[in-house]
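Naming follows writing order (A, B, C, D and E), and every chain is counted from residue 1.
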Amino acid sequence: MRRVLRPLQWVWLLVVVLLVWELLTRTIATSLFVPPVSEIVRTFGRTWFAASPSTLFLSEEFRTNVLPSIGRIAAGYSIASVVGIGGGILLGVWRPAGAFFNPLIRLGMSVPVTALLPLAIVVFGITNSMNVFLIALGCLWPILINAYDGARGIDGTMTLTARSMQLSRRRYFLNVLLPGASPAIVAGMRVSVGTAMVLMVVSELYAATSGLGYYLTQQQRLFRFPQLWSAILLIALLGILANAAFAALERSALRWHHAARGESR
Amino acid sequence: MTTETSALPVGAPARVRRGVPEWALGVAGAVVLLVVWDLAVRSGAVSEDSLPYPAAMLARAGNLLADPEFLTQTGHTLWAWFASLALASAVAVPLGLLMGYFATLYRPASTVVHAARSIPSTAFLPVAILMFGLGFQMKLALAIYAIFWPILLNAMYGVRDAEPQMLTAGRSMGWNRYRLLTRIVLPSAAPAIATGIRVASSIALIVVLSTELLGATTGIGTVITTYQQAQRPDFVYAGILLTGLLGVVVYYAFTFAERALLPWANAQRGGSR
Amino acid sequence: MTATIGGEKTMTSAVLEVAGLGKSYRSRAGDVPAVRSITFDVAPGEFVSVVGPSGCGKTTLMMCIAGLLPLTTGAVTFRGTPLDAPRDGVAVVFQDYSRSLFPWLTVAKNVALPLKDRKVPRKQVRSRVAHALEMVGLGHAADLHPWQLSGGMQQRVAIARGLVVEPEVLIMDEPFASVDAQTRTSLEDLLLRIWAETGTTVLFVTHDIDEAVYLSDRVVVLSQGPSTVVADIPIGLDRPRDQVATKQTALFGELRGEVYSLVMASEKRTSLAGRSDPE
Amino acid sequence: MTATIGGEKTMTSAVLEVAGLGKSYRSRAGDVPAVRSITFDVAPGEFVSVVGPSGCGKTTLMMCIAGLLPLTTGAVTFRGTPLDAPRDGVAVVFQDYSRSLFPWLTVAKNVALPLKDRKVPRKQVRSRVAHALEMVGLGHAADLHPWQLSGGMQQRVAIARGLVVEPEVLIMDEPFASVDAQTRTSLEDLLLRIWAETGTTVLFVTHDIDEAVYLSDRVVVLSQGPSTVVADIPIGLDRPRDQVATKQTALFGELRGEVYSLVMASEKRTSLAGRSDPE
Amino acid sequence: DGGTDTASGPATIKVTSFGCEIWNTWAEAKGVFAKHDLKVELVKSTGGSAAVAAVLSGAADLGYVNGFSAINAYNTGFPIEMVAGANTNATPPAKPAQGVFVGTNSPLKSAKDLAGKTIAVNELNGLNQIVTSTWLKQNGVDVSGVRFVALPFSDQVPALLSGKVDAAQLGYSLLGDNNDKVRSLADPFATAGTVYIATYVASKAFVAKGDTASRFHDAMVETMDALGKPENTDESFALLSACNKVPADVLKAQPQNALSPSVDLAALNGMADQMVEQKIMPKKPDLDAFVPEFARS
């Protein structure tokens, strides 16, 4: 009985919120713009999940719009991670470079990526690369800054220990800097998951021929609000999924970090 | 320990930093960027139609700063930014404190929060326009939606991170739950809350500007789109530069305020004391 | 001085009576006993130390005595009335000064905290805080923040916070474990001086056998957890004590050796190689 | 045994010669001298402790000797050649085990790390790591992570990591300051045993005068910083030593008192009230 | 809010705008709005759906929306009506105002060459895409193979010139100073029949409440009449130039869309037919109820 009830602790409020929404939109607050949850869910099933096992139950719509978006997120996010982690650690360790790039980074992270959409279109054209670039750029900053802070924040004693052992640069990077900065890096990467979702949608508003953002705009232009909401629902679910996956990854990869912190308490 | 050497790569001799101060390197970085940019346009690698010469952009930035219309629109942007931050904080902080303090609330609420915060606020643009029109309120709504969650989460986590030993110390002085909350939980959550608000301040500015670019009636973003439609990339990039600088100013203002108001936050993070 | 080994209380003049105190922690896997049954008394003005192997339940015992944890069995009596919640006459100083001082308050405000809800007039609060800080030699540091002080100074602030309520019993759980050896000797002498000046009863937990012997009137030795009292040793060293002279006496060496072997014997595994101390 | 008080080196058989070592830190406000001029030798196989007031420059001195900090004046000679960068024959164990062990590596991998870039064959790495862990009594803990161990066990891992390179000189900077008193006594005896087994030269910094006297062949006392050598005291206690018996001897008490008064005298302000230890 | 006839003073109405519409600047400057007892407050909107949303939410009283979006919104069931027309396409023999543009040196010569190519339009499933699709179909091109890409007008020519898209469908007036770098394959609007490029819609409730909507329609009729008179040309472009900062002679040289303040139901039905044909709507709605009596031509 307890085992059955435990997941309920986590979800009951969500269920209440959705029920209130359903009731309101069915009774006093009917609106063509905000359909009842049940209708959104129905549209959601119809739009994204066809009943054909040959396509793994994914609809045409899902394959043409969602898969490309996921691909772009994956690519942009990966690029941002590699550049952000490498660059951040380098800047954190090599102080003059850190000072050199500091204002540019501060400026870069303060410019809304949306404003760079036209430039991205000119440089990359109407291609996947354009979306990937914008996603990567937006995700880069939190990861970079965190990797930088992480590398700077590595305990002085650890650095000294490594020096007294005469570790090679490569080993120092792989065995000390990278793992030492990883809690900060993971924190940055986690923030970036959200950013990536936002930029995926925003970058597909224009100059895209597929994708969830593209789909959103199209439905918006055609005033198909149940479809619009079903796309929002899909984005929310993807977001929850990404978060959960990340949390799981974090739990296993940073076990030492949490355990070490927990014990020092 | 000797901070002097801590940032040097292994094996490197413990060099003494001298000569070039950090800010000078920063200025050099900015200059190098402008030069590379200039060369890129000059060589034709990027068309002047899409990317202006940096000199032209800087000149236009000067023009914009002298343009009362631009300043008025900046005022609109800042007002939307400030209002969204104030409103979101006013609701999210107390709510986050409650959710963190009462274990029974924490779990169900965090599911809702994680679901809601994964939806990009721009996805709500059409709905937001319906509900709030094209003006100030719409910007406000989207910005609040975007920053509400980070503030809430930070408040929640801040509360949960309160040092148990401190709570025991409080109990040993005979404090009840309310006193523990106000005297220990709140101040120990304050640095986390401040961090949340600082992060939110950057996000809010970016969201406000983005809604202005995507469809609003006032603000710096609309100035940029106007020049975009007039095909004046020099003005467009001047506008982008100035918004970026605005973001930098906001960021440092917050960092400074945090240091002044919560001096222990840094001290706590900095050392094992 | 009363040595009661596992027996009934024998005195009514005790300020603190611990009778058959037992404590189990609840956990998923069932109840975990931490303290089995502990009985001892503390006379007014006495300095009693508690030593025992790591994890034997010393902290648990102190928390129970301070009224911070509910007992499972037995009773704690303070001046004749049962003690089951934090009480005015009892103050606690914790080991980890960095986590028991509030970094957002100045030193003076940290020390003033326990007086806050007791309707003490402002003026009096100020003078009592100043007096407590004087006692620990930190009169000049009133307006600094804890994180601006060294570890030893922080622990002195924690002591001042304990003293400011003028407690009848001061409970200290390994107060000097996190400071360096030199600072510790100074703090020990400081504590002895204050104890002599104020006449407070002190109940003192420590890992350090030298420290326990040097400071106390009596040393209570606990067994490996779930703990019971193994021995209750009166320390007949002359007062005032001195870091060099007292420790050079033969009696000190004997008492030290006695406590040492009792503690070692009460540890289940004394061989270092096999030790996996859980602390 | 050579007692050189502020004088020239008198032996050439020394494994480590510190001659006129001085070190200033650069800061915004100009140069801050931490160590003025320190001269002493360490003979092969000797156990030398360095004690001195808080902040007198002991850590700075050790870092200079280990080649981790450049000297301002003077020279450090190791087996006749100048030592100015970390060297193979010298290993360092730091005070703060929690920050010098890498929590993301297992115990075995932490210990194996210093062998990694030295082209030691895999098999040999494994056997040397196992041996080092055996020596500190942690053979069973190879696959655990540091945070799964108690403080004392963690410090033993750090010692094993120092030993695995089979150093001629083991430099230890307050290695036992962060562990509790009981664990410390065990670690002291462990260290003495290993020292006797391996014949390594040990240079040992501590705050704890009892510890310095108990462990060492010689105790070097430093003055308040910028430091010089105040005294270099041979410790004539018999070996093997014993926590109870040795400390009960009159000689121990005398030596302890001597070092104690030297350290106290070298502190500018010994009164606790005025102390504001910067550590 | 707004739009009510109050006893004192003119009715204030909020009208959405894309920027500088020539009739708005004229009506404002010449007091036409005032003459019809209206005070017009322009609020910016970026697209059809935004304007419809604004009208329904009361953020604006009149929405500036292209005809296709308006029909689409009406068909979806939104309670709106079309109270005035604005632009229609300039049909021959008038000089074409719109084009499907390619680079001057592009190998593309005709509609047929666009099969399988990428064409930039300002919004997906919007006016320009529908008209271009119709034009391509008429020329025997399989539209399903053509990629339409949404780009803001301002980015279309740069994208075209840098080869990111093969063609772009936009108005001559939006080319900026790139007239000589591009050429038009054809005016897709020329064969599309009359198309309402821009219209004004209002909520049913707003139309039903008093005669403000009707007065706005009348003001549009009067303004556009005046704009049609050759003697007003110079002055109207001067006014427009002051608004959008583009030199008046440049503006004057650009071909212009036709002005049609009243709505031709037949043309509207033709547009709806195209939408059904392109599967944007499943079936044609009854447009009679969409256009109030006063707004029809």
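Everything that follows uses one rule, which is that a contact is a pair of C-beta atoms (placed from the backbone, for glycine too) under 8 Å apart; a residue touches a chain by one contact, two chains touch by 3 or more.
Just so you know, these numbers come straight off a predicted model, no measurement behind them.
Steps from subunit A to subunit C, taking the shortest chain of touch contacts, total 2.
Common neighbours of subunit A and subunit E under the contact rule above are B. In this view the innermost chain, defined by its CA centroid being closest to the centroid of all protein CA atoms, is B. The chain with its Cα centre farthest from the Cα centre of subunit C is E.
One simple way to say how far apart two chains are is to compare their mean CA positions; for subunit A and subunit B this gives 17 Å. Here the CA centre of subunit C is 84 Å from the CA centre of subunit E. Averaged Cα coordinates give subunit A a centre that lies 49 Å from the centre of subunit D. The multi-chain contact residues of subunit E, meaning those touching 2 or more other chains, are 47, 49, 53, 56, 152, 154-155, 158, 162.
Counting partners per residue, subunit A has 33, 118, 122, 155, 157, 160, 163, 166-168, 176, 205, 220 as the residues that reach two or more other chains. Multi-chain contact residues of subunit D (touching two or more other chains): 63, 68.
Of all residues in subunit D, those touching subunit C in their complex are 53-54, 137, 141, 149-153, 174, 177, 180-183, 186, 189-190, 206-211, 243-244, 247-248, 250, 253-254, 256-257, 260-261, 263, 271-279.
The touching residues of subunit B, when paired with subunit A in their complex, are 1-3, 5-11, 17, 20, 22-23, 25-30, 33, 46-47, 50-51, 107-112, 114-127, 130-131, 164, 202, 205-206, 209-210, 213-214, 221, 224, 228, 236, 239-241, 243-248, 250-251.
For subunit B in complex with subunit E, the touching residues are 47, 49-50, 126, 129-135, 138, 214-217, 222, 225-226, 228-231.
Partner subunit B is touched in their complex by these residues of subunit A: 9-14, 17, 31, 33-34, 92-96, 99-104, 106-116, 118-119, 122-123, 152, 154-157, 159-160, 162-163, 166-169, 172, 176, 194, 197-198, 200-202, 205, 216, 220, 225, 228, 231-232, 235-236, 238-240, 242-243, 265. Contact residues on subunit D toward subunit A in their complex (touch as defined above): 63, 66, 68, 86, 88, 90-92, 94, 96, 98-100, 102-105, 113-114, 116-117, 145-148.
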